[in-house]
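All chains are identified by letter, namely A, B, C and D, in their written order; residue positions are counted from 1 within each chain.
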Amino acid sequence: MIQLINSILVLLVLTGFMLLSSSRLSACIRAIAIQGVLLGVLAISMQDGQLSAAGVLFPLSSAVVKGFVLPWLLFRAMREADTVREIEPLISYNLSIIAGAAALGVSLWLGHRLQLSPQPRSSLLVPAAFFTSLVGMIVIASRRKALTQVLGYLALENGVYAFGSAVALRLPILVELGILLDVFVGVFVMGIAIFHISREFDHIDTDKLEALADRLS
Amino acid sequence: MLSGSILPLILAAVLAPLMQAVITRTKSVMAGRLGQPLLQPYRDLWKLLRKGAVYSSTTTWIFQMGPPVGLASVLVALALIPFGGLPALSAFSGDFVLIAYLMAVGRFFTVVAALDTGSSFEGMGASREVTFSALAEPALFLGLAALVRQTGHLSLSPVLASVSTATWMHAAPILSLTLAGLIIVFLAENARIPVDDPTTHLELTMIHEVMVLDHSGPDFAMIQYGAALKMWLFAAIIIGVAVPWRLGNRWIDLGAALGGMLVLGIATGVIESSMARLRLLRVPQLLLVAIVLSALALAL
Amino acid sequence: MIVLLIVIPASAGIVAFFVESDRLRRILLLSTAIVQTALSLATWMVSPAPALTGWLAEDALGRLIETLTSILFLAACFYAVAYLREERRQTHSDFEEGFLFSNAREASFTACLLFFLAAMTLVAVSQQLALLWVAVEATTLASAPLIYFHRHHRSLEAAWKYLLICSVGIALALLGIFFLVVAASNPDGSSVPLMVQNLRSNAHHLNAPWFKAAFVLLLVGFGTKMGLAPFHTWLPDAHSEAPSVASALLSGALLNCAFLGILRAQEISVAGGLAAFSDKLLLVFGLVSMGVAAAFISGQTDYKRMLAYSSVEHMGILAVGVGLGGAAVFGAVLHVINHALTKAMLFLVAGNLLAVYRTKNSAEVSGALSVLPVSGVLWLVGLFAITGSPPFGPFLSEFTILKAALDHGQIFVAIVYLTLLAVIMAAMAAPALAMAQGTPGAHVAALPARALALSVVPAILGIAVLVMGIYVPPVLTRALREAAHVLG
Amino acid sequence: MTALLISLLLFGAGGAASLVFANRGRWPTSVGAGTIILGSLVGIVPALRVALGAPPQALRIAWEVPYGSLYFRLDALSAFFLLPIFLISALAALYGVQYLEAYRGRKALAPPWFFLNVLTASMVVVVLAHNAILFLMAWETMALSSFFLVTFEDEKESTRQAGWTYLVASHIGTAFLLVLFVLLGRANGSMDFDRFSASAGAGLLFVLALIGFGTKAGFVPLHVWLPEAHPAAPSHVSAVMSAVMIKTGIYGLLRILTFLGPPHAWWGWTLCAIGLTSGVLGVLLALAQHDLKRLLAYHSVENIGIIALGLGVGIVALSAGAPFIAIVGFAGALLHVINHALFKGLLFLGAGNVAQATHTREIDHLGGLLRRMPGTGATFLIGAAAISGLPPLNGFISEFLIYLASFKGAASLDASSSVPMLAALSGLALIGGLAAACFTKAFGILFLGQPRTKHAEEAHEVGFTMLAPGFVLAAGCIVIGLFGSTVVRSMAPLISTVTGLSLIPVGQNLAEAANSVARVGCFGAVLIGLAVLLGLGRAIALARRRVSTAETWGCGYANPSPRMQYTAASFAQPLTEIFGAFLQTHQSFTGSDELFPQRAEFHTRTDDPYQSHLFRPIFHGISRGMASLRPLLQGKVQFYVLYIAITLLALLLWQIS
């Protein structure tokens, strides 16, 4: 079991790097999709042995939403905005990978500082979750395309969710559903926004979205 | 209220023009001339009093108000001046403040009267008058403060009464510094050389005389008489400090004081004929010197 | 009863989305707002029973925020109805760039307003932190379309930034809540339910490092939504581009709801004896926010942005107040009310000025007092109130906070606080006065007969601000004490 | 107390009514002015009674605001300040009736009446308040209402600028007061004055009070708002503000002193220093002005300086244990509060008459007004003589007392304590001289000689209701000047409240001083009598002689023109030259110095050196510093998220490790 969990977490980290390194949006979306599925599996495998209906049903549904529904939405948005790759991000891909490495370091330090008690199944859990969130922020902060930023936001959410599924098993199902719903609606609304952006500016580079600022008058 | 003696007032009223005569006489003697008779000022006053008057069409009642107020203020002030050991007609704590401000009243109305004519020359004189008097005031008050601090009294009569040979013995430097300051104020307030030249004929260089260009007849008489009284007033204060002999016998004391006045008059004459009028720009410096002297007297 | 508070606006929102006739929809909006206000006022008479196994319950703090929200919403609705009518009439050419644009469907706007209300109410009454989180996120999603009411690129940009930044922040807040679960879990590993009550009662064996991390995350997360610097970046854009009604609700109501999230965390921290730690953070962010606000208010040419930054400032004041503890908390909670009323009024008035002068550049506005007497006067009232001069409400609350700061010997805090207040006052007064006074320029739009509500609603709010400055009702004082009590 | 509440009620009602009847023609005017006058008449009675020694009255009502209570207390100090407030406000209201008519049609007249009522009411509450919150509310209401009165002519850019300066200045001042009151109330946790105690270190509290109240009073360098606001305001408002409103700053300072217990000597030294600088710089700056109301505004600074000198002398003496000096010093300062109210009110109203009759405040554009406006001219002359401290007018009496105190101090106190005394008396002398210079200039150039422009030629006397207040005030100046001793004797309760010394010795010391004042009065009367006699004498003498009129003697030049008259600028030039270092006068000369010069122009302008060299740089510095943060918000959403991330990590590193 523990091996499974660890390997899932490692995969989670790897998808994070994939998200950071790949310039093709489709690849990034896939990375997010994989993360979604991984999280579902993780959530199930965390509750060692005693499987409850809810305990299985909910992770499955979330896996479905995160692994398939959202990616589908995003692909549609991509097609509407007919853009395939993130050209010249604010910082180069190498640099963002280095940033990712740094993020990994920070996450490990944090995991060392914040010990779960009693020891959870994997000491990798906290670092991996935190790393995924940081990757999400790095992506948002370093990419130009609105779509990529949504992906970043999803990665952030995945990180949070990974942590949640690990420690907060006992979160009431209602809350979990609420959270899931929120993520879904969030992405949905953002998708609409992206649609409007692409219609307004006929592309989705956010560097056109800099009209509002406090420049020296 | 009227505790003291009326004699100082009478003496001032009678002898004030004489002092001016002394000064003029000294100057002419110094210049090798015979000079006018000592009673000339009285004659002039009498002549002016009998004349009619010419008023500028520009002027208003302010102009006519100037001379009476000016004269009245000096007369009232003289009622507070002791002389030769005789206490003033009236004395109360702080009376010297009243004296100084009565002088200010006279000045204020002389100045507005001058401005009333709308003449640029009189305006100029007025401007200089207020400038220099504004600087002379602090010097005067610091000098008075020095005397007050020395004697511990708050009224001019006791202050001057208590300046005795003994005081001079132990506080000579203080008193002489104060005296020097007061003398400068005396010269400035009475428009004498080196501050102002009363006998010049170029209006542009005058201070006091130019302010009264348009006054004539009785008005001018009042102004002249007032000027004489004002001079007497300051001289009396100076003499009160400078002539400290109080032998008890009032006639001798009076004589000493009068002698002092005579000397002061002659001294003024000598100064006037021995030095030239300062450039107007230098006058403030002279007054600052006076302030410094009095301040020094206080610091000692 | 509590459920009703949420269900009524939510269902009304759904209905409103499908109602075609404007009249009916507007009537629906107004009646919902009235009912909501009536209900929330009723909760002061009879405190409602907790619902959903205590997930929804009204404590003093919640009730205050909830009532305030519904009252502001009521005011906003009356204004909005009039505003929407006006919007119908005039052609939409952009003030700044002159291009033509359309508005969003009024139906969806109304619906979002109602959903927004429902979400905010849920925030106020939910005792379950995760639920509270869901509610806060819901407010974001419900209000984003409000910001994008005018369909042009600037408002779109504002909406996008709002969505993205707040979502990121909220995600962090969720992480914080999970951390809280860990921090609060019993030694044997079994975790306590995420109810404020239980968390407070179990606070004595909080796991300090985990809780600190949790508090930091919650502060950053909800702070983003609340507009604490340096997370406030969405706020000026959103407030300046949203229609004034929306701005009024964002500043007056939404920010308080986000603040409530932080207050919940603070409650736990106080109960757990970690106040020293959380107070420090709150003080730092409070003063930083005030400073940043001062920096961006001075020389600010856009008067709606100026008001937005002033909101940042006042959020900072709230943080300082809570961070100081003691009597300052009372002041802070009082300030929540004062700021909400004042700022809502100011934004509504700003809306009126905008409609007449058709510019957001304060340099191009002058003589409001003569063009719009009521709005002009209210604008000045608002200016003096918001800069904390008597006899208006904010003075009392700001004074209370200052007094507490000095009484606790927090001299440094007091000095910075006063200095920044003075700077902000000086910086706000110059443009705001120039707008109200002087002679109106030639470019002033010809006045259409404007609806009465547009000036009556802010006037009522203005009167409320004045009253709050010279008479704080005892019942309110009691509620404030009760609310302040749990916050140390 | 009830009477005072009634008068407050009247002010409130009048203010409200004048708004309600805003568009009912003359209603707002008559209602607004009427209530002020009526309220003042009602209120002045109890004030007078308590000021003359009736026991203090208090009234405390619970008030539902934090730390607040409606706590009014009327003791000798409050009563004393109430007198000028009521008197000047009533007269100003009467004056305003006609003054504001000039604006009918161009501006709404209801607001100024509303705000004048509010201003009066708030001033009354300020001096009555016995609770910090109540005080602060009234204090700020006072500032706001006067702000709106100052910006009455808000169509002028300069006026708006002045308003902003005033608002910011008073706001900053209030900030210091907030701290002051909180610290005072800290010990007993109550904001009622009678629970106050100087627990937090009396020195600090004194400094806070000095800055906070000094801003309102106009101590240099906190005076910068004054020369802006007073000229901008309508003249009757300038009169109220300059004559009584800024005095509330003095009131506040005295009130605080009563909480601080026995004063330290350095407080007195500080006050003397401030008084000296304010007095001398105030009068110098006044001397350099060409705008009549600006000139008067600077004279307010000067007179506040004189008051500060008196207080300083008093405090030094108190701490040195010399009751007579202390009592006389305080008496002088406080009497000067009333006196300044009288003659400064008179002068501002006179300036208002001139401004309305000639539509200009430029002294150098006027001249020869005495013939055209005899009433205004005569009253203005009395005011000018009074403010120059000339006997037999009131200004001299108060300055005389301060002189008396400082001479006594110079005579009796030890070397170090006598330094402030000497500074005071020499300073007073200099100030007196300069003030005389300034007002001979003002009166001479305005009213004497010949009109310099059409403005002055076409001037004609204003109506009776605008003259009457001036007459009343002038009469006041003369009465106090002649019967000052009675006033001084009656100040015993006040002085004992302020100094904390017991009534009997205070009475005796005051009586001693009053004797001198009585002599001064007598001599003043003699002076008048003698002057009249001499005048009569001359008239009789000239009656039977040839009295002719001619052109002014132009030293040979036959036809002088008005443009050849001495101007205010040239009149003041020697003094501004001498003290140039303090004034920084800008001079601009256009013209040629050829053999036959063509048309030449010479201008001088004197800005406030503190405004231009102290405060403006500070404010610019602040705004520049603020602007340096702006690049942080350049609109890139990526950066915004980055800020969040960085802050988060920084916090975690800071808190968790």
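Note that a contact is a pair of C-beta atoms (placed from the backbone, for glycine too) under 8 Å apart; a residue touches a chain by one contact, two chains touch by 3 or more.
Every value quoted in this text rests on a predicted model; they were computed, and no experiment measured them.
In this structure, the chain pairs C-D and B-D differ in their number of contacting C-beta pairs, and the larger number is found at B-D. Nearest to the global CA centroid, when each chain is reduced to the mean of its CA atoms, is chain D.
Centroid distances built from C-alpha atoms place A farthest away from subunit B. Note: centroid distance subunit C to subunit D, computed from Cα atoms, is 44 Å. Put simply, the C-alpha centre of subunit A and that of subunit B have 100 angstrom between them.
One finds 36 Å separating the Cα centroids of subunit B and subunit D.
Centroids of subunit A and subunit C (each the mean of its C-alpha atoms) stand 30 Å apart.
Looking at subunit B, no residue sits in touch with two or more other chains. Residue positions 160-161, 164, 168, 172, 209, 213, 236, 296, 299 of subunit C each touch two or more of the other chains. Taken residue by residue, subunit A touches two or more other chains at 110, 113-114, 137, 140, 149, 206, 209-212, 214, whereas all remaining positions touch fewer.
Because contacts link the chains in a way that matches no line, ring, star or complete pattern, their graph is best described as other. Shown are all chain pairs that touch, namely A-C, A-D, B-D, C-D. Within the complex, the subunit D residues that touch subunit A are 627, 630-631, 633-639, 641-642, 644-645, 649, 652, 656-657.
Taken together, the subunit C residues at the contact with subunit A in this complex read 128, 130-131, 133-134, 137-138, 140-141, 144, 148, 152-154, 156-161, 163-164, 167-168, 171-172, 174-175, 178-179, 181-182, 185, 187, 189, 191, 193-194, 207, 209-210, 213, 236-237, 240-241, 296, 299-301, 305.
Per the touch definition, subunit D reaches subunit B in the complex via residues 367-368, 370-371, 381, 385, 388-391, 396, 400, 403-404, 407-408, 410-412, 418, 422, 425-430, 432-434, 436-437, 440-441, 443-445, 447-450, 515-516, 519-520, 522-523, 526-527, 530-535, 537-538, 541-542, 545-555, 560, 562, 564-566, 570-575, 578.
If you check the complex, the residues on subunit C that touch subunit D are 160-161, 164-165, 168-169, 172, 209, 212-213, 216-217, 219-220, 224, 230-231, 233-234, 236, 277, 281, 292, 294-296, 298-299, 330-331, 334, 369, 384, 387, 389-391, 395-396, 399-400, 402-403, 406-407, 414, 418, 421-423, 425-427, 429-430, 433-434, 437-439, 469-474, 477.
The residues of subunit A lying in touch with subunit C in their complex are 110, 113-114, 116-118, 133, 136-137, 140, 146, 149, 153, 156-157, 159-160, 163-164, 167-168, 170-172, 174-175, 178-179, 181-182, 185-186, 189-190, 193, 196-197, 200-201, 206, 208-212, 214, 217.
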